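Got a structure for you, questions after.
Labels A, B and C are assigned to the chains in the order they are written; within every chain, residues are numbered from 1.
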Amino acid sequence: MAVIDVPRKRGTSHGIFRRRPFFTLACLVVLFFIACAAFASWIAPYDPLAQSIDAMMQPPGGDHLLGTDSYGQDILSRIIHGARYALLIGLGSVLLGATGGLILGVAAGLSKGWVEWVLVRIIDAILALPSLILAVAFIALLGQGVDKVTLAVGLSMIGPFSRTVRSDVLQVKSQLFVEAAGLMAIPRLHIIRRHILPNIIFPLCVQVTVRVSEAVLVSASLSFLGIGVTPPTPDWGLMISEGRGFVSFAPWMSGMPGLALAALLIALAIMGDGIREEYDPKLRQGR
Amino acid sequence: MNDILLDVRDLTLDRGEKRILDRVSLTLAKGETLALVGESGAGKSTIAIALMGLLGRSATTSGTARFDDQPDLLSLSERGWAALRGRKLAMVFQDAGAALNPSFTVGRQLASVLRRQLGLSKFEARSRAVALMESVGINDAEGRMTAYPHQLSGGMQQRVMVAIALACNPDLLFADEPTSALDVTIQAQIIRLILEQTRARGASCIFVLHDLALASQSCDRIVVLYAGQVMEAGPTEVVLRDPRHPYTRLLQSCVIEIGTEDLTPPEGSVPPYDQMPAGCRFSTRCPRADARCAAERPPLQPVAGRDLACWHPEDAA
Amino acid sequence: MLAHIGQKVAQTFAVLLIVSFASFALLKLAPGDPVVLMLGSEFSQETYDDMRAQLGLDQPFLAQYVQWLGDFVTGHWGTSYVGRADIYTYVVHEALPVTLTLTAASIFLALLIGVPLGVISAVRKDGVLDTVVAAGALTLTAFPSFFLGILLIWFLAVRFGLFPVMGFVPPWQDFAAGMWHLALPALTLSTFFIGMIVRVTRAAMIEVMEQPYIASARARGEPQWRVVWVHGMRNIMMPLVTTVGLQLGGILQGAVLTETVFSLPGLGQMLTNAVLGREYVLVQAGVMLTALMFIFVNLLVDLSYPFLDPRLRTR
């Protein structure tokens, strides 16, 4: 039942902003960060990598609105450029994870017998490791850098995606129309394309928006641990980590990028929550 | 009359825009058995739930309900309710399987009532619980004490429910469709059990039923409800032998014609609760209704040995 | 019942096998030649071949895996290239207890704070408190824990000097000092989990409070506190325990970050240093241990269901 009735798209999509003020606010915050990322070079007052011995660790205010770090780099400019990395890595890795999860999930959902059993155990095995630990393991193999972090985080998110995709596929499969199509000996690829994919792509998109925040958090965590993006890239996690040693006399060094990260994550969480409550058929039926 | 135990006057209950109960009045003497009958959704169970103080916060009530020496049940505080529930007022629920806590043994649930309400010691409560279980016809009561609700049959569950409800000898027992979840063969047993046990204790009982036959067999008096309004009320044999309200007639005829236990008249349906007529709510389906019926509520007046709310009552049969 | 346990154990074994195989593959895929790493810069082809045979690297892949698995199970995890003598001793006797202490303390703290908050907001559904708690829970769940840890250090440790900035004292050696050192890290790590517990408790409690047996308990004259904390509480144990099991991964992942923030010598720190120092054996050990803990705890959770819900016993 939940699969066939495609969630209401029009009609409510205008109302959702009026009904959920916090959701609307969260969307605006996310949009703001996206704008920062897109127009970073125009908005940022300074070059994010320009170091200055004259302007080291200046407190917020004056020439540098959010202060400077221990290299004299302007924190505001670094945060604005950092939004670019946070969102790019977050979105890139989520899409990677969703694609991998889609393939593994559909395979596990459609296979039968021992193949299915093994595939499900593989998904369980991936899920036995939290995404950060998995990402750390991949980083150990791949090395550091923006592209490596995106790849590592993306690979680490395949597990959760494949689990939800598989359960969606199973639900569609139990639907009569697929069983009927199977009986009529229609090629398998055709079934996947015509019947399975259209019904699981929408819930997958909901999942993607819900999980962007997780990807942003994990990539920032990697950089914070010092094994993600390499300096002097203006990455928030890296900036928080660099400021850690100066917390007692220059708290803005960690504080400002930390607040930016927290604001983005909370906004993404509220947004994801709203979208899930609005569009997730499972949730709307009361589980 | 001095032996009136419960006197409900103009009980009205609103849930948002919907008026679920509309000025319901009924009285109950000590030791008397009363049946509330009507289609499902007529508000029968709601009356019981309101009089047990179990309504959620979404409902607002008006009217009064005098009970024994309590001037008004409906204005009691939660603390006032706690003193009455279980001790003076008790309730047997519709589906005992769902109304017994699945996580505790039945013995523990029964003994805990005895310990809390009567202040018995653990040991006393246990032996008393076993005796109670035996008195409601549970074989091997000793062994069944440690059973979880799901390990008992539906009939057994309902017997436990009755034992719990009557544990502290309440003055008034509500039995909310106590047999609707049970096999037909067991239904009569449970009804008989409740009647026996309440009579033995001199307690009054209000049955919520959707089965006219059951009501006629077991209850002294009957109240016929339609969409939250009392249509006809009186001694069971008077009302059922010679119904004067068109709705009571309709109910009776559909039992005879179709022979089902469920009271759902064939034609017409109850309008939504927020689109009810101002007058008699049955007027939208009543063959005898005119403009006055829809506009003006007929008062509940004594007619031929019963109370009747109708502008155009049927003639004597 | 027994069949269910058997099936569950078989599945667990399969998952363990896959995880171990992947961990082994990680070591094999790792860049760099272990033989070269062992021998240093100058060696002859002969010494190289000898060392290769000694390490068993001339064996077929599967044979190497079986050999490695046997060594792993018996606690022969090899020696670290840099400094530390025996990896098993270091990881299991030094790093693991730190992480376990931190994790256990955080779970305890989260349940202690989260369950009452969740229950209260369920009972006062849609009230002011409920709205505040719901918003707070969402914020806590989303807030980056490592940044929160830095904020706590800045305020409570540096500004007001209430807690130590870093370090670990084993509570089993000095309980008071151990707890004092553990307070901030445990609080940091538990925040996201508090948010999670609040939301799960609230949702489960709301569902339970609508059940007929709650109305029935009220009808028996049970006072409100007993209705909620005895009749209600007993029936939300299953979702609660399930959440603890499923979120253990999240807690362990948070522990890695928290340990780094507070310089606790646990698995997280070991893992980070291992990546930076390219000590793949340590990375592998960290991965295996994390997965083992998660799988073991979730097996326990699964096996605990019949104890939590009597209805599952006789089936």
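Here, contacts are C-beta pairs under 8 Å (C-beta built on N, C-alpha and C of every residue); 3 or more make two chains touch, one makes a residue touch a chain.
All values reported here derive from a predicted model rather than from experimental measurement.
K.L.:
Report the chain whose CA-based centre is farthest from the CA-based centre of chain C.
P.N.:
Comparing chain centres, B lies farthest from chain C.
K.L.:
Could you tell me which two chains share the largest number of C-beta contact pairs?
P.N.:
A-C
K.L.:
Round to the nearest whole Å and give the separation of the Cα centres of chain A and chain C.
P.N.:
22
K.L.:
What whole-number Å value describes the gap between the mean CA coordinates of chain B and chain C?
P.N.:
Using C-alpha averages as centres, the distance is 53 Å.
K.L.:
With centres defined as the mean C-alpha position, give me the chain A-chain B separation in Å.
P.N.:
56
K.L.:
Which residues does chain C have that touch at least 2 chains other than itself?
P.N.:
none
K.L.:
Counting only residues that touch at least 2 other chains, which ones in chain B make the list?
P.N.:
none
K.L.:
If you look only at chain C, which of its residues touch chain B in the complex?
P.N.:
The contact residues of chain C facing chain B are 211-213, 215-224, 231, 234-235, 309-311, 313-314.
K.L.:
Give every residue of chain C touching chain A within the complex, in rising order.
P.N.:
11, 14-15, 18-19, 22, 26, 29-31, 135, 138-139, 141-144, 146-147, 150-151, 153-154, 158, 249-250, 252-253, 256-257, 260-261, 271-272, 274-276, 278, 280, 283, 286-287, 290-291, 294-295
K.L.:
Name, in rising order, each residue of chain B that touches chain C in their complex.
P.N.:
49, 52, 54, 78, 82-87, 89-91, 93-95, 98-104, 113, 116-117, 148, 150-151, 161, 164-165, 168
K.L.:
Please give the residue numbers of chain A that touch chain C in the complex, ascending.
P.N.:
So the residues of chain A in touch with chain C come to 22, 117-118, 121-122, 124-125, 127-134, 136-137, 139-141, 213, 217, 220-221, 224-227, 240, 243-244, 247-248, 251, 254-255, 258, 261-262, 265-266, 268-270, 273.
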